[in-house]
Amino acid sequence: MIETYLLHLFIIACLYVILTTSLNLAIGYTGLLNLGHIAFYAIGAYTSSLLALNFGVPFWIGALAGATLAAIVGYLLSYPTIKLKGDYLALGTLGFSIIVESVLKNWVSLTRGPLGLPGIPKPSIFGFAIDTIPKYALFGLILAVLVYIVLEIVVRSPFGRVLQAIRDDEMAAKTLGKDTFNAKAKALALSAFIAAIGGSYYAHYVTFIDPTFFSILETILIFSMVIVGGTASMLGSVAGAVLLTLLPEPLRFLPFPSSIIGGMRQALYALLLVLVIRWRPQGLIGENTFKKFKNGVKR
Amino acid sequence: MKHAATILVLAILLVGCTATGNNVNEQDVITIGVISSFSGEMAVQGEHLEQGVTLAYEQLDRTALTHSYRLLFEDDAYKSDKTAAAYRKLHDIDGASAIIGSDSRSGNIVAPIAETDAILFCSVASDPAVVKGRKYVFKHWTTPEAEVASYLAVVEQQGWDRVIVLESVHPGVEAISDMIEKAARERGILLERHRFQSGDTDFRGTLAKLKNQDFDAFALFLMPNHLQTAGKQILEFGFEQPRTTIEMYDFIDDVSLFEGEWYIAPADPTGRFVASFTERYGEAPESVAPNGYDCLNLLVKAFEEGGTDPDDAMTVIRQLKDYQGAVGTLHYSGSLIEGGSIESPALKKMIVNGKRVLVE
Amino acid sequence: MSLTVKNLKRSFGGVEAVKNCSFKVKQGKITALIGPNGAGKTTVFNIITGIIRPDAGNITFKGEPLIVLQTHEIARLSIARTFQLLKLFPKLTCLENLMIAHPGKDEKMFDCFLKPKKIRAEDEAKRARALELLKVVDLERYKDEKAGNLSYGQQKLLDIARCLATEANLLLFDEPVAGVNPIVRERIKKLLKELKQQGKTILIIEHDMRFVMDLCDEIIVLDHGVEIATGTPAKIKKNKKVIEAYLGVDA
Amino acid sequence: MAVLSQLIANGLIAGSIYALMAAGFSMMFSIQRFMNIAHGATYVVGAFSAYLFAKIIGWPFWIAFPIAIAVATLLGILINHIVFEPLQKEKDKNLALLLASFGMFLLIESIILMIFGADVKSFGLPVERGMDILGAIITPLQLIIIITAPVVFIGIWLFLKKTLVGKALRATSDNTVIAATMGINIRAMTFISTGLGSALAGLAGILVALEQNLEHSMGMSAILKGLTAAIVGGIGNVPAAILGGYLIGLAENLGIWYLPSGYKDAISFVILIIFLLFRPQGFFGMKKREEVAE
């Protein structure tokens, strides 16, 4: 019965593929250091769960509603990007996700606060109930592949090229007649839309969510996956997501006392993050956004 | 180099799985899995649960048992996807026939999956949603009703009508304070609730607000780190009002700070359990340790008397009457058809020169 | 008259970079904006292209007021510029750098799904045109090379090529030949002359007097943020005020 | 009136800790130019080494605490040297440095968890009744915190303004390239600024550990508040960061007068976002001219 264990890991890997590729659209392609990505994930998860629990709304309507709401929030979040750049934008968006988290924790009448939302129904799309692990794994696969293809097309399209121009030098793009604010807002809205879909996908799988899902540690995890995979490469984000989902798992099988294993898992994961950044900053697959590219061309 | 790392990880994973998987088909070994957080915010609760469960496991009288038992621990770092992964590993690879969970959060995640896989799940959790409508899930927690009732009885006895609640933002605490607020309102007692996030350890702002208000007592539903700081800051502020709580003084080892305060807690753990625990670990049992101890013994009792079939084992649990547990005499109150919890009476205790003393 | 600047004022803290500066740029001519360092030349450039807001004064291009518009709106009125400090897109290839600049409408996010064929055709056209321009500046063999990896001279040429790709009528070049070797300098001069034949209006900032005197039809001289002289190269050479500004008072 | 003075007192106590963190953070930022989350780990290491020396080994406070601060300082310098310095050479280094500092923070936090275990520890000092000063109840220990912080800040101010090294530090933070041409050893400056910054964090950790208690996960909220204070005050400008710390401390404590206490974190981050949007250079910082092609 090992397959169900591996299928579960596969379902989680699909979730993180959805989250990392959508985040990479913002960091790797548009150059927006968005540490608030987790807030979109939370909006998606909570909206579809609350709609399903309170009004019996079917999954795909709830998911789309959550995704649209997140897209609107994403669009609004692009206004600060006019003023804030780099580290400041990172801090501002981090502040945004912490505020969303504390609202989820304290608005008890809506979200039951720390008690979370148990009993979220399993999704059924057009009558096809997705209630077993293998079915969910298939659903995850379809979703992840769809998201990857959509994003790959967008980043390779002329619009994607404009996003990369904005990442490289927004001022220059403006003097070439590009409405950079509009492009950034659309990219952020799409990134938020997809992250929210990931939120609904996961909430209806694990049937229980609570504010601790959406803490800073989750943000760092997704960020590390994008960096380890390599920014500005959608395939890199997929690899980063798969690798960092699988990596901590073998630790379970090591015969250490459980009190040590807890700390060790986090230590190992943090060590990997620092090692990759230190010695292979361009990530496993990504192109070298960090290092100067020297390949014999007259410099 | 690109894919080397991924392949390497997959290799370790598969080797790991097969290594532990193979000795499961040994005839007649029942595996009991324990899922708790040994890292992250709630690591302290995981440690206490592990102590209780391990002590019970070591004290099993191997000769009298028809089956042999294996105990495995999994850490979920208080994160939900890790809880689900821990369950999958314990069930799918180690073939666990029963799971012990340490809090409401992991309870709410594991309960639905354990129900579909038809394996026993004993959750040390206060949130009733964990057991609602489920056949193979039972809770080992003094249902808050008992504790709330006796707490409010003492409040009325003292003639108080306004109590200030300081509570940590935590699922277990939320369940109790929701219930006590409702019950208090019915009895005309005013409860004012103040919530504190886990990172926030400064209560002085709220205490300043309460300085010139007249109220009768504090109710401290606070996790260990909050409890120590709040207790100290209340004294520093010179408040005279008593600092009461439900269970929380059992969760910290040094109670000298709360000398003379009374509180409500599940029945005093029987002398035998406390003695063997202190002798084994060199410190008194805290928080969920006694619950962990009972859960392991109850599961073994269910499998010994009911056999490995989950339904038969559950019938043993459901017929539990006057069982001498570490938390006192237990009986199963299956108010709900399937879900139910092992009830143990709640008692009034007091801290007298640093010791927890049973009052009545 | 294509571009008219009237009573432009702009100061940074106490420093008055541009003090009541006015001048006109003739249509279809190559005009140079010269003056000692700190005369406010680049500040004027940045105001024209909307990067900086002026404190006072206004600019009109073919009758359209510019200072109310944002940078990208000004660019859409077919005004293009290069920067003194080379602002190419380093991680994009030379070809991509040129394909970004095009006179057409802004790229829409979902077009690649709604009208894939149309977009692919348009992209091919942009690619062909970009290749053409790379040939003009003789950078064709670097078409798939990342712009960041080119030499300084090559990047200067690419910057100019990108400016042409916008097919703008008014081209503003900020020190196009600064620090460039003579061969590339000549190639740029030839290029600017060809653009004039095509009817473009060119305004350049340049310190290389020989280059300016040889190439430009009209010269505007700025000093301490004020326009002190305008005229043909010959007239400017003899103008006393210009000599004073450049060579100091006791000349 | 008494309540107001109490809230102000609470604000000062919390503000002193935030100011210490913000000052240390800002001092490092002025030279290294990136948001160093590992600064929070130095804070935790300061607290736990003090606990180790004073409570477990049992040295008297006046020996244990300076050594604990030294340990924190050493750790800060070591991390900077091994992890951050090589990364400074990369082209787009902001993201890499930010994440590497997150990584180091998590690594140190989990190592402390493994060594000291998870349960809450405290110095177990006897509880003293608070003294009534101008209507506010303040315990002697809290008084020490309120006094130590300004004394330390004056010390730093004098060091920065009066001593040669201090001037060199300020020059380097103003313009690293020019400072280098003037013959200032930039590497030494980074060592000094990191060392000083980490010492401040260590001190803050010890004060909080004495006044409240210790937990392996106490670092995250400390660094986030320190970061917010440094930005709100004026990033890279040490005196401004100190005032930013007091500002955040007071705002939080006065804020929860109206809002439920659960929203305390939200208050400081709402302030942060308002400042980031409308006054990114912070309360006291100068308006940084955008690098336009001037």
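Each chain carries a letter (A, B, C and D) given by its place in the written order, and its residues are counted from 1.
The criterion applied here is as follows: a residue touches a chain if its C-beta (ideal position, glycine included) is under 8 Å from a C-beta of that chain, and two chains touch if they have at least 3 such contacts.
Note that the structure is a prediction, hence the values are computed from the model and not measured.
Colleague: Mean of the CA atoms for each chain, then the mean for all of them together: which chain is nearest?
Modeller: Closest to the centre of all protein C-alpha atoms: chain A.
Colleague: If I average the CA coordinates per chain, which chain comes out farthest from chain D?
Modeller: C
Colleague: Per the centroid of Cα atoms for each chain, what is the distance between chain C and chain D, given in Å?
Modeller: Their C-alpha centroids are separated by 47 Å.
Colleague: Based only on mean CA positions, could you tell me how far chain B sits from chain C in angstrom?
Modeller: Roughly 72 Å separates the two chain centres.
Colleague: Round to the nearest whole Å and give the separation of the Cα centres of chain B and chain D.
Modeller: 37
Colleague: What is the distance, in whole Å, between the centres of chain A and chain B, each centre taken as the mean of its C-alpha atoms?
Modeller: Chain centres of chain A and chain B, defined by C-alpha means, are spaced 33 Å apart.
Colleague: Which residues does chain C have that touch at least 2 chains other than itself?
Modeller: In chain C, 51, 83, 87 touch at least two other chains.
Colleague: Send over the residues of chain A in touch with two or more other chains.
Modeller: Within chain A, residues 102, 105-106, 171, 217, 259, 262-263, 265-266, 289 contact more than one other chain.
Colleague: Can you tell me which residues of chain B touch two or more of the remaining chains?
Modeller: Residues 38-41, 43, 46-47, 169, 195, 197 of chain B each touch two or more of the other chains.
Colleague: Taking the complex as given, what residues does chain D use to touch chain A?
Modeller: 34-35, 83, 86-87, 90-96, 98-100, 102-107, 109-111, 113-114, 117-118, 220, 224, 227-228, 231, 260, 262-263, 265-266, 269-270, 272-273, 276-277, 280, 292
Colleague: Using the touch definition up top, name the residues of chain C that touch chain A in the complex.
Modeller: 49, 51, 70-72, 75-76, 80-81, 83, 87-92, 96, 99-101, 106-109, 111-113, 119, 122-123, 126, 142, 145-146, 148-151, 154, 162, 166
Colleague: Once bound in the complex, which stretches of chain A touch chain C?
Modeller: Residue list for chain A touching chain C: 150, 153-154, 156-159, 161-162, 164-165, 167-169, 171-180, 182-183, 186-187, 190, 232, 287, 289, 293-295, 297-299.
Colleague: Using the touch definition up top, name the residues of chain B that touch chain D in the complex.
Modeller: For chain B paired with chain D, touching residues are 38-41, 43-44, 46-47, 169, 194-202, 204-206, 208-209, 211-212, 224-225, 228-229, 232, 235-238, 252-254, 257.
Colleague: State the interface residues of chain A toward chain D in the complex, per the touch definition above.
Modeller: 27, 33, 80, 83-84, 86-88, 90-92, 95-96, 98-99, 102-103, 105-106, 171, 216-217, 220, 223-224, 227, 231, 259-260, 262-267, 269-271, 273-274, 277-278, 281, 289-292
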